[in-house]
Each structure stands twice: as structure tokens, then as C-alpha cells.
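Okay, so chain A shows up in both of these, paired with chain B first and chain C after.
This part shows the complex of A and B:
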């Protein structure tokens, strides 16, 4: 088994206390998923439904001078066509940056028009009949080009710097000048990254239907159904309670189904449905998913990091800048999270981070399994590695000396600073290095661990920290959970407006509720999320479920339990502490004397016939105010701690890299469900391996067209790329590493993804002795670095 | 008069070309030009015409394996197969895996659940059908054979290893049954 769980004594004790938590309970929707009965958006078929198709721009930037859809409209079987002209007549609101259809297109694949017809073939034929005259405009893909280009959105900014949701783009701590003055070694590192894609299997899809002035939408947003309904309500200028969003199962998201592309497809379907007077389904294809779907935030980027240390290897100062092409719009959370990585991975007293997010002619940027830290780690680790190499230090020792640890102050880029409550990189790396056998394998910087023929082996490691509190959100997305008990049989239902994207969110929340209420997980269901009648907050993103949703569920279940017990105590006239809640037996009885009981239905009557519990997360992101360190008086908070060790084999004749071993390790606090944790670790590791070795969009620099818009040309890992003994997942389990959540657990998948990229990168360097300061590490780059490639750099922007 | 018209319609129906598909043991006769068009893919017919939406469409161009079904026991990509090509064939989809008498899950389905072999679940029906084809022709596959057989089915969530474990486990369960 490639999953090691190393438990502390305290952890063992906790596991003994738990009945439902800590067990490898399969996903609560398992039956639906293995039988094909789980309804994804494309599985929704409405009576009299039409099929929609989207006309997309062949230009990376252009103005639509003329558009004539009359021939398309006249084609038999076509019901309606919409262009930007319909936006006004239909009263669709699209304040920037919410573009649905305008007279400008901002990237290849941007939406020009849409058609609804009796079937997809007719709709596609109609697209060809829409006559569009474009006036091509200058376009740019990279931040370097963007900085000197004309403003893309002059209505909001003159210098192409993205107006995102989360400025500022500059922060410093300490005094970097002094820090560099006190440094004995200073290194400068420049690093580049391409645009990378989520490549989930379910393409953007939506079904929309108007019933009078009510809009009904089936979709797969990663934001909650209520939030999605609010967005649609503002687009269509209708009351939010008239927008019914049914959040279907989500066929993979990884951040790429946050908001924009799903919202736009849903809005187009709703416009077509309105114009046609019939339900409309739009199912986009893989190419559309590729050209319209988000890319990782930060997008095409250049990182310049300067870092200094003293002779003993103590880091003194870092001055880091990131320039990124963020696409046609972005909320910019990823780029600022690169700053969080700089501030909170190593103890560096003097730090400065600047971000320059630019509008570029590519689709918007968004989270990809994590926000920013995965992109921010490789350049930081490259810089730190170079310091360690110059000092002749083993990287493990270097991290042990400099890594963030329990009690340190976490400087949050966007929020209040806090004192770290649990988790420590030095401790984690030390334990993981022993398991990996690092000391025996390590032969020094840029020295292969083994040579055989043209094959060179090397090892590497990397660390990362990541948010364990979600990300800051406006107040509207604080999590709320409502639990209902059926008084006739004691079964339980819970709601929040979020949908599991595969991380096991609904399973773990169900486990928490089952644990508090003392019931079997089989007696509890998560009601299908929809906007009307349900509370807000269950966004599934940013490693937040284990804190905010679990917290809300924990509070809801305890509130419910308290209400039931209090009422029963007054009826039975006993101390509430002596009562046992027996939901399965539909009664509450006196401990030690089960003949003295009250029926659940009686309690139900007291509460007006319904037994519900409501709970919300006390404070998003930072943890409850009440969590203060009694000694320092500082506010406490959590971060996830991650490391990854890699061993690779590089063939210096072909440039091919084989990952021989990849060991990821984390301190998750307590593991609430090992099946889910293992799934998340291994899934993240394999996904990340693909990103480091192969993935990356290649653009034709003359037209701005993505050239590898398919699973063949944008290769993601397949079954042939992984074997069981290649991957090891290690968890060091101790409740003190996640002190601030009810069951002492924190999210793990995103941070693993952040750490593992660079471990491969460092291992390749040690194998071949050449620094390649970009990724993916495709064979041609290896050969070029070795001076063996007679061919030039791939044409186009990578 | 009415009778004569009915005869005409019935006659026309008789002369109409039909596509006969046996899907999960049940015979479907679909009228060409009406219920099936020559350009309809099997995936489209299954999902949109017959309501068998368990088969998923991912890429819709033969790259991801999400649409895998079995035709005469062999795995095929239903997004690349025209319905008219399937005339007279035996098709198995994910809907046919449940034991129709007992309502019990197939051992492969059980093993997928026990091994945590899916997360979002979008690739799962296709994965399970590919696994079924493999275990039908090779009840005792090695890990290598499993990797080979599953190489046309993409999964972005699980990293495949839980899927390999599930197929190993399913093979064991199925061998135990015979």
C-alpha cells in the first residue's frame, strides 16, 4: 500500500473516541456514480428542448463591424439566434467584467453569437450561415507585450493592469535593503511558466428554461447554487427568488468551474430559451472548453526573485516580482497568492512582493487545484536551492534551518496576520526525508544518484504551505448548513448550496453530522443543492470544506441536538446532561434508565412540527476571534504544510523523463476519512506530474490561436503513465497540527499539488546538471539544455 | 376512408428502414430518418433518444473514453460510432450492469466503490465498461494488462491507481463467483 498514516498517541486516542469519523467511508453518492444515475448537466433532457451552439471568434482581438444572422435564422429547424444586438433588446445586463456578448472579442474562441435549433447538427450548420465582418485589433499574449500595449478595457483601466477583486499588488515586511546588506550570498533567479489548463472531462454545459418570469437553470458551477442564482438574477434583471439553479453533479472542476465560463454558457442558454420560448441545452465540446475555459492564475508569467542569506545559511531577504498575463479578465487571487508563498514558506525577516497582473488576449485566469501557490513555489524553490547549493548545504538541512514552523507569524497577503497554530515544515521534512531515505541517496547538488548508459537518475524535494481556511470572500459566502430530522424515523437531511466536486465534501460533512448526532452515515443524506429555499455558502474551492462547511455542520448538529435535549429535559424533568439522543430509536432517554424517555415526535410538536438545526461558520478564513494564544495574546490561524520528494530518470539521448518515485507528505491534523485523503493526495500528485512534464498551452504567435486544444495535443497523464509503486503518500497525523477546527482536520489536496511540481524540477537538475528555469520539462527542453538539440525553440508562445 | 389512411401509414412504416439494436438485453427498433439519422452517433442515440444517460460524452471525438460501451462484448467509443453501424448488434451500457433480478451492483461497481476509484465520477461509467471488457476476456489480469486496457480512458481526478486497485479487487470477486 502506498499510503502511510503515521499516528501520534494523541491521534490514536481520538480515533478511539470516534464512531463515524476517521473511517474509510466511501463517497455518499457512490451508488449514483457507479450506476450512471448521477445526473450531470448534460443528462438533463427537458420536454420540447432545443440544442444550442456557439459561434466563436477566429481572432484574438477584434471589433465586430457587421453581423448578419438572417440566413441562419431562416434555416429550417433553427429557432433563434442571438448576437450582441440582442443583449440590449432583452435587457441583459453585463457590467464589466461580466461580458456575455459584446461587439468585441477578446481572445480566439470568445463568443460571437449563439443558435438554438432542433438538434445540434442543424445548430452547427446555422453557425456557418452567420455572416460576421471583423476589424482585427492588435493582440498580445504575454505580460511583456501587455505592458506597452493599448489599454484593452479603457473603461476600467488605462495601463492594462487588471482590475481584480483583490489588490493591492505590493506588500513588504521588514527592510529588504538592510536584509541584502546583511547577506553574504545573493542570487537572482528568473523563471517562466506557460498557460496551463484544467482539462476536466465534463465540458461546460447548461440547460435553461423560462416558466413565465421564472428562470430555471441546470448547471455545474463550483460556486454555490445560491451565489450562481444571484449572478444570473443580476444579468437578467430578475428577482433572485425567481431564479432556480439546480446544481448538478460536477464532472471535474479544479477551480475551472468557478463562475465565469459556466455562468456565460448558462446565460447564453437562458437568452436563447427566452427568445425561442422553449428550453435550451448548450453542451460545449473539448475545443470550446479549451479555448474558453479558464487557465491557471497567474497565467503566462515571468518571475524575478532576488534572495539573500548569510554564511550559515540563514535567509535574510527576498525581493520578488511577478508579471503575469491574466487573460481578458481575472480576479487575480492566484497572482497575489504567489505573495503568500513568498511570505510564508521560509522564515525570511525582510520580504517584498510585487505583482503586475496584465490584461492579455487569452481567456480569464482562475484557480487550478490551488490558487497561485503551485505557480509561486518553483521560482521560490529555485532561488532557495541556488543559495543552498552555493553554501554546499543539503536541501533537507536548509529547510530544517529556515522552514516555517508552529508559533511563527503568518503574514497573510490579503488579511490579518496570525500566529501559526500547529504544523511545521522542518518537522515534516525531517520525518519524510527518513522515509524517503534521503540521506543515503543524496550525492550532492547537480550530481546524479545513478548513471547507467544514457540514463541519469536524480533526486529532489520541495516544500509548500497553503491556506487551510479557504480564501477571503465577501460576507455573502459564509457557510451555512441546515439539518432536518424526520421525526417519524429519525433520519436526517442536510443542506447547503454547494456540490461536491469529487473531493468528498458531502461525505465528510455527513460524517461530522453523523458523529454529533450519533447516527449511522446511511441514515443521512445531503439534499441536492439548489438555489431556492437553501442557505448560501457551500462553494467547493480553496481547501475550505474541512473548516468552514464542517464548522457550519458541526454547529448546526450541536444546535439541533441541544434543542432536542433541552426540550426533553424539561418534559422528563431531568438534568439535560443525563439524556441520550437516540435518533434511530426516535426517542430521547435517561442514561441508565431507557424506560424513561420522550418520543422524538413529541419534541417535534414542541418545535411546531419540525426539527431543524442551523449553523454557520463563525468566521471565514481567519478562524474565530476567540482563538487567541494565551501567552502571546496573538490571534491564531492555520496553514497546511506540505513536502514532496522525487526521484527521476532522464535519458540524455532522448530527453525523456521518467518519474521513478514521487513521495508526497503532509501534516493533515486528523484524517476524517482516509479513503478521501488518499484519493486527493494521489490525484493531486499525478495531475501535478503531468503539469511539470508535459502540459502547457502552445499559441500560434501570429494569430494567438491555441494550437493544442485536445487531449491528444495537450497530453494529460494516462493509465500508462502511472504505476502503483511510483507513488507514496505519507501523512503525519496529530490533532495539534490543526488545532482550530472542531475535529482537528485541514484540507490537503491543493498544497500537495503546490509542493510536488518543484520536487521533479529539482530532481531533473540534479540528474543532468542543467538549470531549466521554466516548465513543462518536455524532452526538447532537456535536449536543448544539454546542447543536443539542433532545432530551435518551438515556434509560438509556450 | 380512415382505415385506408391507417393502412397507408402502416404500410409506410413497414417499408421504413429500421435499425435494430439490442441494448442491455432489450431489443430497440428505431426508424431511420425519424428516430435515427444517418449522422447520429451511438452516444447521441443512447442518451438523447433512449434516455440512457449513464454513458457520458466527454470530448465527443475519441480522445477520452468517457463514452465507452460494449458492442458484442468489445469496448467501443460510442461518440465515434454511428448508430446505423450498430444495426443488429448487441450493446451493453452502464445501465445494464445492475443485476436485473436482485438489483445488486456488479462486482466491478462494488470494487470501484470500495477502492475509492472515482471522485467526480464523470469518467466512471466508461471506466467500468472498459474494465468489464477486460475482465470478460481476461479474468486474471496483471497490473500491466490493466494499465494497457485502461489506457484509453482518461481520468483527471483519481490518478488511476485507485482504479487499478478496484479492477484487481473486482477480478478477485468475480473469480470467487465462478
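This part shows the complex of A and C:
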């Protein structure tokens, strides 16, 4: 594998200024993690603790007519059983469509009851003794079926359209009718996607304990501990300051540990703990991961895109519609970002996006390595490719002509539009194409680059843009960082309301603090988040930590440093600019004259015995004047720019696809830690490869049961499925590509996935000359497309 | 997992006695890489009352050659079989098949006997209570095979008596092509029989208290060429969609002897006797190999979702024969 970092002169200059940033510093928690000493939720054992197990629904949609738990309760070793009947008596508030327990089940595996017992074996046996009588109801998995079905949640909507963010799910810019009138060529493309899963290694786990009216919960939410406490407080109608959430190490998230699934498991543990009067741990297994956890939003979807261009290849209009099966609930943020892709990847003057997100009988939909923008890429690229093919244009030239670039207006759905400040797809694609040797390899549309026996090679590319700025956040999740300096030895602790999900968050924020305060990263620790006594934070999601948490840390560290220096300057009676902060030496001295100093403890006394710096990130959308372009007067914003090039080999006798080469490229602004960036690029690329080639939940159509619910049946790539020379990561490093953050860096963990998976799709098309407008591209699909074996169109695509 | 009794057997006879005592309600465990999944998923119609550990039995982990026969103790780990230089040199087909099982961790724990005796992978059969839905299928005493009318993309293309799950063991396919024997011990004593007879209708053809103790492989002629191909989604750890084992002996380009076994396509390891008869005495070239591929699937009758296995099988049989002829190994 190789990692190419191409630096501009400005970037070189910045790297010279930095002492800690830009360096390949290993993850600060790596030692704890690789030696098994990091405390994950499942490592928490409380005195007198019980174990909980969950009874799950065999029906995709049903009403519980009768439930009798008396036999289970009578089993020796069982402490308590909860069913929907306990909800009211325990004061649990329930808002449809987000139930903890109710007398209805909305998908196979939905929660019916839970048991707490002395050990898991007894709890499991007790589940068998709960007698449930169901009245099965009609169920549906696809948006097409949902559109004509009875409403799933008649309490909130009459038409099965999901009540989430951004109704009425329609947005347009320009005039598409005029746009199509002015088009010389118009194509219609229909594309389908299955439900895909996060497949992190740590299954949903929670420990709950009541101490009087205080609720203590250990969990692994991707939302911050304070936000999680607020959610639990509202479920149990208790004051937020009585809910203590301890955010443990997170064993992978990819968006799947955002609010709902960890919350329900924690709430069930808390309900059992309340009824038993003892602490309860629930740890789910990999099977339950498929029915407790979410799928990518949008879920099982059909995309219909109509797109027009003139003879010269200038895109004129797009009319895009998405029918999405969103599961039993969703906030639809993925749908929003699906639209974002259509509006903000290519310069298309006339645009329309409509979405029909439906309730379906599968688990809820959520972010999965991004909210929806990755799902929007394959259908958009399919449509754009078809135009380019009909015009006989090389796709690289087509992107250079039409791609989004610096200074363009970015259309947003939930907030004001902004002007793009840095980053440009045409420039990125041009540079990356040279490195990939595209012009030499390209032989035209649907022409293999190489044929050998039954093997056909093909190349492809795709582009994507993605939020690099955090998604719009309500005020309550604004980022704050607090830094504390210990005056006795100058060591530093920092805290925010968020935890590393594997993207290097702890490490990079520590680097920022080390850089400002001039100390070694080893002298800094990130205090484990716990809700009580801590500020609220911005969660770890949406590629945002690198902007907003880093911004908050930068402000906190600078505030702290300024306070220390100002106090020292007045004691020493010197110009503050002449002072050097030497935390390790626990003193502040005059530059060039170390004998003139003041002790850190003295400064501590001035500030009431404690040295603390607080900083927050300015709200993204009401930023200071520097967020305005002085020339146009427009508000500025950022987006990540991504492209990917793929070379594949398809065996037309067996339908097997081998990925020969994958090259992903981005303009990350400055790289604050090359190890983290490399890890994220590779991780994102491999994740996307698995989704395009193999993944997707296969449902039994008669019952709605997910059939491939385990690591052996749901094939994600392992380390053995990638080889050394398969991947190339390219970063074009220039501070001007991320103008709006203190260190000129933006998040890259999500967008690569979006570009990458379609580059494989295009490469397969060019290799075999058959369009397969869905994924995954399993052998059965390839052989069907080649006319070698029939394969039925399955519900849910896979 | 639910509660069960656990016994560390010191001898095979003790294990057999315990099996007898529990009368069908006990299971033996060696590496446990499959049984633990079965227990966690709680898929058996009756949860076993006892688990009998065989790893505590001495002298069942060995690889040796005696009078032209390779003998492997049933507790020998797959990783040891795969890396044995004796097996690599003379019985490479077996070595390759073992190496293609699971992951390195699974091969380090899983035993050769366990691989032969693992339960089928049908996803209807394996649907777990943790998911909510359990299919009370034919294997569990029900009346229906849900795969026949459901998603059967990984099931048999050569039918089955009721259950259409395929034999999941890679080792069994290689051993079938090697004409190997298994030795078992039960309450009635020991018996030795061909590996192909270990399976019947997608199930193990063993007595209730019978334990596999040894695998015996006759030494192939030194000039025999052995090739193993396992077709799967990921190269890392999937079960076979289709696998082919071939043993081919040539004399001046003419097939003197050949044995071909297919995996992943039928409820039991499938020997291609007709194809073998066709090839014997014929020149091995792309024409005969192609014909062999076609013959291999001539009697296939796919279910609703698995017709794609036919072209794959056809292609792999052809390839495996040509690879054997050219002395090529896996590419």
C-alpha cells in the first residue's frame, strides 16, 4: 500500500511552523487497546449485578394480543421480567415512532420483553418461558410496497411517509423544464440499493444501576455522554443531573452507535435494574446487531434520475427522485444528504430533488460512514456516466468540465446556502488521473482494458463531495473543550462530550493542545467523558470532530495560555510577548533570561487555585465576519472533495470480481496526523469495496427475516481480503482547501467511501459491457447480467 | 448459551459411555468452532443436556504414515494438517483444502474430525432465537424445507431428500477425491468405511454414540496431480459456493486415472463418476476438459436462486482438469 502526500509550498511552510501537528503520532490509546486494558462497556462489572436478555419478535409486523411472563418470573434465578405492560407503571415516556416497549412489533427482532437473571444462561432459558400471542399484520420491506400499504404509525402519519427532518422532501433550484428544453441529450437511469450494515466489532452493551433516584449508565454512544443523559432523563422522567452516563471506549461506530440502538439497550437495562433493584448488564450478540441496530439511511431504495446536457457536455438539468424504505423509524437525515449529493457534486443550473421516505418493516435507518451522501453517488454517477458515454466523452474530461469547484454556491437543505471556500473536483481529478495513468489505460466506454482468457479488466472512476463541516447541529450539541493544568507538575487533562470512535479524535485533539501549550503529547490525557459535571459536546459523527472539536480545543488552549501569560506578565512586569510558557518546568520565564520566572503554582493561586481553559466552536452557520467572502459578500463554507479510481478484473465464466487497484484521492487541507488520515482513507476504501462487492442484508421475503445476520454470512472484507499493493491513497495538501478552521484541516473519513464504491461499479461495467443498476455485484448478479444464469429480482435487491 | 453439564472425557470409551448415558441429548466437542455457534444460536430442536470434551483424550492428535496409508487422528488441528510437510508433499489436495477452511484462528482451533462432522450452514436452519425468528424446518422435525421456496442461493443444485442444504466440509470433498476412509468407534466397536459414506441426505451417517477417531488416506501414485479449487465470495473465510477436488494421473497425455469430487453443490460430497469414466483413456486437452465441465452439470436442476452455480461449476471442473494437466497450482 502506498500513501502519497503531495504538498503545496504553503503547506510545506506550515509544516515547518508546527512542532506536534502534522507528525505521525500513534493513537494515544493504542497501547491500552492492543493490550486489552482499555475498559469497554462489557468490562464493567458492578457489585450484585444481574444479566439481561431480550425476547425478540418472530413477526415482521404484529400486535401482541396476550403476553404471560409468570412462568419466566417463577424460574429460579430470574429477578425480573419487563413487557410493554411495565412501561406506564415505571413512568417511561414513549414517543411514537420510537418505542422502548409497546404492544406492537414493527420488524423481525423488534423487542417484545426482557429478563434480568443471575446469569445469562438462566435469562436465556427464561425467555423461552414467556408466552406471547401475536396477531400478525401485513408487512412490507420495500418503498414500492409501502406506498400502497396501511399506515404503520397511524398516530403520527396517515400515508406511511416518514416523519423526520426536512419535510416536505422537495427542493428545486432553477427551472428543470427549461433546463431539459436546452438539453441536446437526456437520459433516464433507475438504480436500486439494499440495506447495508455497520458491522462494528463491539455489539450493543449497557450497564445500568439505580442509586436511589440517581440513574448510572455505562454505555458506548456516539452521541456525547451529556446528550445521552438528556435522552435517558426524558425517557425516565428524571432530572438530567441525576443521570450519570459514563461513556466507555467505543468498539467501532460508523454511525451505528448514534442515539437510538444504544439508547434502547441502555433504557431496557435501566428498566430491568429499576424493577430488580439491582444493577443490570445487557450485552447483545452479533445476531441482535442486525435487528437492534440501524441500517444505512436511505434504506432499501429505488432512485430515478433524469439528467440532461448539451452537445458540448455541459450538464443542464437533473430531476431526481428517491423512493426509500426507511425502516420503522428514521430522522431522514440520510435522505437530506442524498439530495445534497445531487445538488453539490456537479454544476447543474437546474435541479430538482424529491424524496418519498416510507416506513417499512425493517430496523430504523441511520448514518453509516456518512448520512446518505454515499447512497446518492452511484445513481448520480450512473446517470452522468451514461451522458458522457453517449457523447463519447472521457469521464475525466467530463468531470473536469462539470465538477464543483472553489467559489461555487453550495445548496443546503436545512440551512442557508454558502460559497465554497477551497477544494475543487476538477483540480483533484486532473491530478489523480495523472497519478493513476488514466489517459494511457482508458480505452473507451464499455471496452475492457485487457482480456486474458475468461478475465476482463476494466477501469472506472467516481467523485463525491461530502460535508466537512459537521451537519447542522442544534445549539445543545455545540462543541466545548475544557482543559485543566495540574500546577504541581504541569500535566494536562482535557475533556469534551465525545469519545474516539476509531478515527483518531483523542489523538488529534491532544496534538492541538500540545501544539498550543508547547508540551509533549505524553503529558496530556483525554478524561473519559461522564455526563454529570461536564460540558455538552458535539458528538463524534459527520466528519466534524476535526473542525469543531479541534476549534474548541484550539480556543480553550489559547484562552488558557493567555490567562497564564497575562498573569505572569503582571507579576514579572514584562511584556507578555516576551514570556515563555514552560509547563513541564512548571514555570513561566522571560525569553532569553530563564532566571526571571514565576512558578505555575503562583499563577494557580491568582486564579483561585485552579488553571482551566474553556473554549467552544463558533456555530457553523452564524460564524464571524471572516466566514464571509469580502468580494461577493457571501457566507463561506467547506466541503470535502473526493475521487476514486478503480481497476478490476472480472471472470466472465464465474462472475467473480477481483479488485486489482484502488486509488483514492482527496484534498484534506492540512494533514494534522498522517497516520490517522491514512488509516481513515484505507478503512473507508475497504469498507466501500465490501459494500459494492458483497454486502447487503438478504431478507426472507415470506417472513421479513434477515437471513445473513452474522459475520460469516454477511461478508465484510477482512485483512486477508486486501493486499499490499492493491491500494493507493493520494492527498493533495494545501491549506487553502480548508480555509475556515484554525489549522486548515477538514474531515475525510466518510467521503472516500462514497466515491470509491462507484468507481468499482464503473470499472465492472467497462470490463463486461453490461449495466447492473444495483449492488452488491455478487457473482449471481454478474452471471445474470451476462445472460449465463437466471437470478430472480429479490426484495431488497441483494 | 443455556446451561449444560460438561465432561472432560479421558478415553474414547468414556466419551461413548457418556453419549450412551445421555441417549442423544449430549454433544461432543473438540475445537468447538462450529458447536459453540450452534449452542449460542440455540438452533437444535433440543438443547443438549451435556457437552463431552474430547480434547482431554490422549493420542488422538497425530499425523503418520503406515504401510502406504496416511493416518490422521481426528483431534489433529486443521492448521497442523495444512502445514505438515508429509501431507504437502504427498497429499497436497488435503493440505490445500484444510488451508482453505475458515480463518487462521479457526484452523488453529478446529480439528479435522470436527470439520467432517460440522452441521450444515443453511441460513433457515441456522436462524437464531436472538433474531426473533426460528424456522422449524425438516431438520428440526418440521414439515417444510424453507429454503426450497425461499432464498436458496447457497443450496444444492443436485436436489436432496427434503433438506437441500449442502455438505459444508471442505475436508470431506478433498478426502472423497483421495478415496479416503474414516475410522469410528461406537458402542458396537470400531468400523472403517469410505468418507463418502459418512454423509447421507445432508446429515451425518453415524450412530448416535459413534465418534470419528481417525482418517485414513491411501497413498496416491507419485505421478498423480492433485488440485483443489474453492470458489467463494471472499478469499478469506467463506464457505464454498462451489469447490472441486481432482486427482489426475496421466500417461503420455492420456488420462490413466482420475477422481473428481464437488462440494457446495449437493447434500453430500459428489463424486463425478460419469465424468471420470469419460476422461479415462482420453487425451486431456481443452476440448475434453470442456466436455467434462458440461457433463458435470448435465444433471443439475437448480432451485429458484442458485442457477448461477451451474456455470461456475462447469467452469471450475474444466479449469481444475486443465490445471492438473499443466501442473499449475491455484492462481
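One rule holds in what follows: the second predicted complex is superposed on the first by the 777 of 798 C-alpha atoms of A that agree within 3 Å, B and C clash if a C-alpha of one lies under 4 Å from a C-alpha of the other, contacts with A are read in each partner's own complex, and residues count from 1 in each chain.
Quick note on the criterion: contacts are C-beta pairs under 8 Å (C-beta built on N, C-alpha and C of every residue); 3 or more make two chains touch, one makes a residue touch a chain.
Every value quoted in this text rests on a predicted model; they were computed, and no experiment measured them.
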Touching partner for A:783 - first (chain B), second (chain C), both, neither: second
Partner chain(s) touched by A:718 [first = chain B, second = chain C, both, neither]: both
Touching partner for A:29 - first (chain B), second (chain C), both, neither: first
Partner chain(s) touched by A:378 [first = chain B, second = chain C, both, neither]: neither
Which of chain B and chain C A:285 touches, first, second, both or neither: both
Which of chain B and chain C A:655 touches, first, second, both or neither: second
Which of chain B and chain C A:122 touches, first, second, both or neither: second
First (chain B), second (chain C), both or neither touched by A:702: second
Chain B and chain C footprints on chain A, overlapping residues: 121, 285, 712, 717-720
Interfacial residue positions of chain C with respect to chain A in the complex: 1-3, 40-42, 103, 123-124, 127-135, 146, 149-151, 153, 231, 233-239, 241, 302, 304-305, 307-312, 314-316
Of all residues in chain A, those that touch chain B in their complex: 2, 24, 26-27, 29-40, 42-43, 45, 121, 198-203, 249-254, 283, 285-286, 501-504, 675-676, 678-679, 682-687, 710-712, 716-720, 722-724, 727
Chain B - residues contacting chain A, complex: 37, 39, 47-48, 51, 53-61, 63-64, 66, 93-95, 97-98, 105, 109, 112-114, 116, 118-125, 128, 143, 146-148, 150-151, 153-165
Residues of chain A that touch chain C when the two form their complex: 56-59, 108-110, 112, 120-122, 124-125, 127-128, 284-285, 287-288, 290-291, 454, 651, 653-656, 693-694, 698, 700-703, 705-709, 712-713, 715, 717-721, 778-780, 783-784, 788-792, 794
